[in-house]
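Next, two complexes with chain A in common: one pairs it with chain B, the other with chain C.
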Partner chain A sequence: MPIAQYALRKLLAGIPLVIGVTLVSFALMVYFGPDRTYELLGKNPTEEQIAEVRSQLGYDRPFAERYAGFLREVVTFDFGYAATGEPVATLLARTVPVSLLLILPGFVLGHLVSLGLALLAAYWRGRVADRLIMALATVGMSVSFVIVMIGFQIVFGSSDWLGWFPVRGWSTDSVGEYLRYIAVPTLATMFVAIGYDTRFYRALVAEEMTRDHVRTARAYGIPEARIFTRNILKNCLIPVITRVMFSIPSVAVGGSLLIESYFGIPGVGRATYEAIITGDQPVLKAVVTLTAILFVLVVILNDILYRVVDPRVSLE
Partner chain B sequence: MAAAPPVLRVRNLTVEFATDAGIVRAVDDVSFDVAGDETVALVGESGCGKTVTGLSLLRLVPEPPGRYAGGSIELAGRDLLALPGEALPAIRGRDVAMIFQEPMTALNPVFTIGTQMADVLRQHRGLSRSKARAEAAAMLAAVNIPDPDRRLDDYPHQLSGGMRQRVMIAMALSCRPRLLVADEPTTALDVTTQAQVLAEFRRLQQEFRTAVILVTHDLGVVAETCTRAIVMYCGSIVESGPTAELFRHPRHPYTRGLLESVPRVRAERLPELPVIPGRVPDPGRLPAGCRFADRCSRVQSRCRDARPPLQPVGAGVPVSVACFNPW
Partner chain C sequence: MDAHWPRPPAATRRTVLVLCAALLAAAGCTDPDRPAPAPKAGLRAFRYSMDQAPTSLDPTQAANVYANTVILNVYDTLYAYQYLARPYALKPNLAAGFPDVSADGLTYRIRLKPGVHFIDDPCFPGGRGREVVAEDFVYSLKRQFDPANQPQGAWFWSGRIAGLDEWKAAGANYDQPVEGLRALDRHTLEIRLTRPYPQLVDTLTSGYSAIVPREAAEFYGPRLGVRPVGSGPFRLVSYDTSRVVLDRNPGFRQEPVDLAAEGFNPATQAHTGVAAIAGRSPPFVDRLEIDFIPEASAAWTSFTKGDEIQFTALPVEQADRVLASREPVALLPEYADRFHFAAGSEAGFVFTSFNMDFPEFGYHPDPERQRRNRALRCAIIKAYDWKANNASWYFGLARVFPGIIVPASPEFDPTLDAGSVTRDVEGARRLLADHGWTAENLPVLTVGATAGVTSRLYFEQFRAWLGEIGYPPEKIVRKTYANFGNLSRAWKRSELPLVSKGWGLDYPDAENTLQLFYGPNSSPGSNDANYRNPAYDALYEQTSVMLPSPERTARYRQMNQMVIDDCVAITGLSRTRIYLWHRDVIAVPDREIVGGFWLKFVDLVPQAGAPGG
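So, the complex of A and B:
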């Protein structure tokens, strides 16, 4: 099976990347990261107390030794205990699914709606509908994500306005509850995603429209709407896939961090944020490693999807 | 030869383009007929309006920047320029089909040959998926593509240029169009492939009894395939007539220059290949008189004042020429 073979080869090639990422981020953590010593000791600690805590935390050992320890944790996938005393594995098992459930709907819908709007805008190029869609996109792109979130919280959450959805907290007790809690974060994500992605996708579609094969389709009487939704769309998929796939790591980390802290949702983004603030290195190390691995997987999946949509691509 | 009634009747076709330098007339008052069994060449240099004329026959000139500023294109009795845009897909591919210059890019790279051919057949002949596929395979066999059933599942990049052009021809003929417009169909192919594809083309044209308009700058191709030729210069017809007569006795100085500048095997090597002196005038600033006047060896003073109309030369010769002082 060439695809499995290819994936395996790429996985092996991803090992240096993971090592590089862990090395750089570990160095940053050690030399520039927050030091938990003072947090644990409070005011006016003695020299001995400081030395003792530093030795407990392992801060006194040489960098190479500490990094080797980190690599051992990576290989065994055992990152020890978070500052709260909870095992890191448990913490991740608790928070990662929450983040996925929170992020995925907005992520998928954002790209789908953007692509749809881009096709419509290109189909009606130069007309009022095109201008309206592109104006909406410009607004979505120009307003900061933070402002959008606060604005949407007020509009959808405040009882003075619509008051339809909760804007703090999290529940997955039932599908209805889940949908109520993700409504506003999802709308905010989509609003911003539509801003950036619609412009990009419309440019792709507009470029594809000038291709010879589109003229051929037209010359053979294929209806215009079908040319857009089939001939042009499939040809645009490679750059679309690239954009979607490569935005996964940044959305998974950066996006969930912002949303979870503004909506008080107990996901991995907020856990990471708190770990950064408090210098909780075991959690940070786990998150950094997982992100690097996620990136490697995304690259592999990306190449395999290329092969699926474009027969000219070979996995060599 | 001209016994068959005309399939295509073009009258006073004028196509303009809006450019940064203002309105440019790419096709200026062009009229011609094509009968049901003819192969007619549209000949001229790049930029003479032959390709725009060819595209116009399917109303494929992009509007904007293009605009059909006047005239009519009657295909089987219907004026394409008077039809609403929604009526065009039903005609394109069924009544008139087109073959493009670049077989590399004219086919969609991400769909198989079979899918693309079946799309056209299903669109116009309402065939089921399996019937359309069978018909596509039959068409590939008709253009002498070996192993057609397997080729249907190939993507364009898996075929050679000649094969791709055969696929285009098969697709073009699959709905039995009355008129086939071929825009430089062999220019992108190497010489031996060119000859094969042309031979194929000629054979199929007789078999399917389709009228053909061959847009080309290659006079060799014209001599081999076309019954009649229309020579264009700067958007207008300068001379038209049966190919044999045109080649034997070119009357317009431009036609003569074009024929003389064709490289060919000669007994004696000429010190220099004859070329037409001067340059094609800027389409935005055309002279008031004959557009060829500045490059013409037989120019007279009246050539600069008025444009010579396209007129039959008379004396029983079916040639028309737009020149005050023809050979």
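So, the complex of A and C:
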């Protein structure tokens, strides 16, 4: 059971990490975050009302006491109520699946398409196909995401253009409806992500193709396809896994604020953004904790996947 | 297939499928905390839009038009504004009639309509909504004074209703009676005031006064903010950061529309088709969807698509593309063919106050310096270029006016001298020179703002205007705050010499803006200017108990002139709102006073072949 032991050991080692992340985040929230008091006061408040609201929000308590309360919430995973009155746990249960459903298609397809393009570009390195793919990747990287979203929204959604998909909104009533609503956000995500990912993957593959063992394999007359899958692609997997795995926490919890906002999608990204600008600490605390825990889990899973793809990696 | 890339085992594939299905199910459930299902075919839905989401749907948090737009459609209020009357006029809503007011103006008796029920909800025994009674109103107003609710509406009634503040001070025990707020019987309410309050009935139109059943508040606790239980025309289906969906309350009372009683003006409103609702009982649509769209470009694309949102405010950046003329406002034919529109001044204004507690600009123990400070403020006001401000930020569509009585107030004086909003660089320079102000002795002026490009541009424009009257640029300093909450804290703590704000009227009465300069409302109250003028305060106190009359209007205008003469504020500008809505929507939209009270009257033109069409 070396894997189980390793996972347990890493989980325990992750506890200080979670404590550290929560401490730093909480200090930032308390000392630099928005003061909600003045959002909750009526138009003509008195000093007494200000004191009442500060007390209700716990702002008048010492930092250590407030942080101890935060740790209690982390242990019980009960973060109380969001500013709307919705229990934070319910809010996360409602919004995280939406963000996952929104982001996953673009995330998966983006990585797959990028990898495919990177392989083609690396294979035909220096030729027209490579230059074309890299030029497209540079365009994807250079154009602002906001511009891409607005442009795609207009081109695919507006009745003045193609009008194929809804401009904004969200529905999972049926698979068809779901696909209709995620089409444009997914295309926009892919357009931008492919730029960065393709360049990254191409560099990996191109580097791998120049290795001695690849040259040796070619000298032995091993078919190119076999060299590609067995000697090149497999050796690229570790950085690919690292890149993909470490994107997961931000995808799962962070969602995509801009996409959710522009396309009117009720995911966790938008809820988090609202919490940041309004100083809704219960939501922020939950999101920070969830992200930290996910990072710990991802690190463990990442190491295990290293071991799976490369048996030389030791989990000791 | 290559041996290195084996097909995943069947169990793995099944697991992935089950996970995907669970994810879809989790994101698609339809309880009130979940996204609503798409309207069924034949369901008559109106898709409205706002540029911001309400923070909470609890009436204790009905602080802005966004919250009120939803709250007033799921809850009932005793009074409301007539749908079509402009200037605004009151009408009974849940109240059976206007209040019986005692001769001294201190006691109000209000009868509630009998037989009105809350919606069915698990908070009630057996899940059946019970009748709304006078005690519910008493309970709801008490909630505004219970610190546990972090209420924002107490300022409407604090110090006005006998015993309410004392009830709060004694611990806010809901079982304890309040001397001035009693249910005389199931349908009769008595409010006793400490002094006459002519705007009382206006305050009973707001979301703050919405009627909440005690069972719901106790059953849901903080969750009442996302689970409203009222007796309004709609009931909540779903609510999240991107939209709220309301369905028609099937048990809503039958009250056929009397167009005359709603203030219908055929000359100006007939073109909207609103006459079609006469004699029918609202609400007229089965579903009301309100999309929250902060990005103007997304709202515009969605609106013009045709099958998405049906109402939007015209984004200023689209003005050149859509408008044929600005004065009067008219749409280009291609838009006029597709959309109805309405244009008018907002019921509010934007203005900048000097904080009179800063001795560099305001009150000073030395009378001579105080006199010089007034000259300095007046010079800054003269330097301010309202015309450029309007052109830069409001596409020249806004209305600039002198003073603090806004055009939407009945007491507005259109003949008032516009000197205080007319740029006079030479006059400003002369004023500074005459009072001994030089580049060397002018005080540093700190302008607070939230971080961002727009606020930076605004600051630079302001600094350039002051530069033209000889104010050294290095003496005009920008102090940035990460967000509006922190900036607001600085204002409330009187930490900045200038306070730039927008104010929306809570009711159509100039008292609502005049109180912004009433001495006892000084920081942290609404008087951010910390203006304390005994003559002004005396007039305010006199008028605050007067019913509308020419005499009261004259005194209001006198107070307005005092603010202008004392150069307390750079004021003011009312933005012009242009609303557009699809031609298949029958409505006269309005989001100025309170907000959302008109949505229950929205109807849709019957489609050929549709039920009822």
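Criterion: the second predicted complex is superposed on the first by the 306 of 316 C-alpha atoms of A that agree within 3 Å, B and C clash if a C-alpha of one lies under 4 Å from a C-alpha of the other, contacts with A are read in each partner's own complex, and residues count from 1 in each chain.
Operating definition for what follows: a contact is a pair of C-beta atoms (placed from the backbone, for glycine too) under 8 Å apart; a residue touches a chain by one contact, two chains touch by 3 or more.
This one's a predicted model, so the numbers in the text were calculated from it and none came from an experiment.
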Three-chain arrangement built on chain A, chain B and chain C clash or fit: fit
Partner chain(s) touched by A:A219 [first = chain B, second = chain C, both, neither]: first
Contacts of A:N235 with chain B and chain C, given as first, second, both or neither: first
Chain B versus chain C as contact partner of A:D78, first or second or both or neither: neither
Chain B versus chain C as contact partner of A:D60, first or second or both or neither: neither
Between chain B and chain C, more extensive residue contact with chain A: C
Which of chain B and chain C A:W170 touches, first, second, both or neither: second
Touching partner for A:R94 - first (chain B), second (chain C), both, neither: second
Superposition-derived angle with apex at the Cα centre of chain A and sides reaching chain B and chain C, degrees in steps of 10: 160
Smallest separation in angstrom, by C-alpha atoms, between chain B and chain C in the superposition: 9
Residues of chain A at both interfaces, chain B in one complex, chain C in the other: 234
Partner chain A, residues of chain B touching it in the complex: 58, 60, 88-94, 97-98, 100, 102, 105-112, 119-120, 123-124, 155, 157, 171
In the complex with chain B, residue positions of chain A that touch it: 211-213, 215-224, 231, 234-235, 309-312
Contact set on chain C toward chain A in their complex: 2, 4-5, 23-24, 26-28, 33-35, 37-38, 53, 55-58, 61, 63, 147-148, 150-155, 220, 222-227, 239-243, 291-295, 297-298, 301-302, 304-306, 308, 482-483, 485-486, 488-489, 492, 506, 515, 521, 524-526
Chain C contact footprint on chain A (complex, rising order): 32, 34-47, 49-50, 52-53, 56, 81, 83-87, 90, 93-95, 97-98, 100-101, 150, 153-154, 157-160, 163, 166-173, 175, 177-178, 229-230, 234, 260-266, 270-271, 274, 277-279
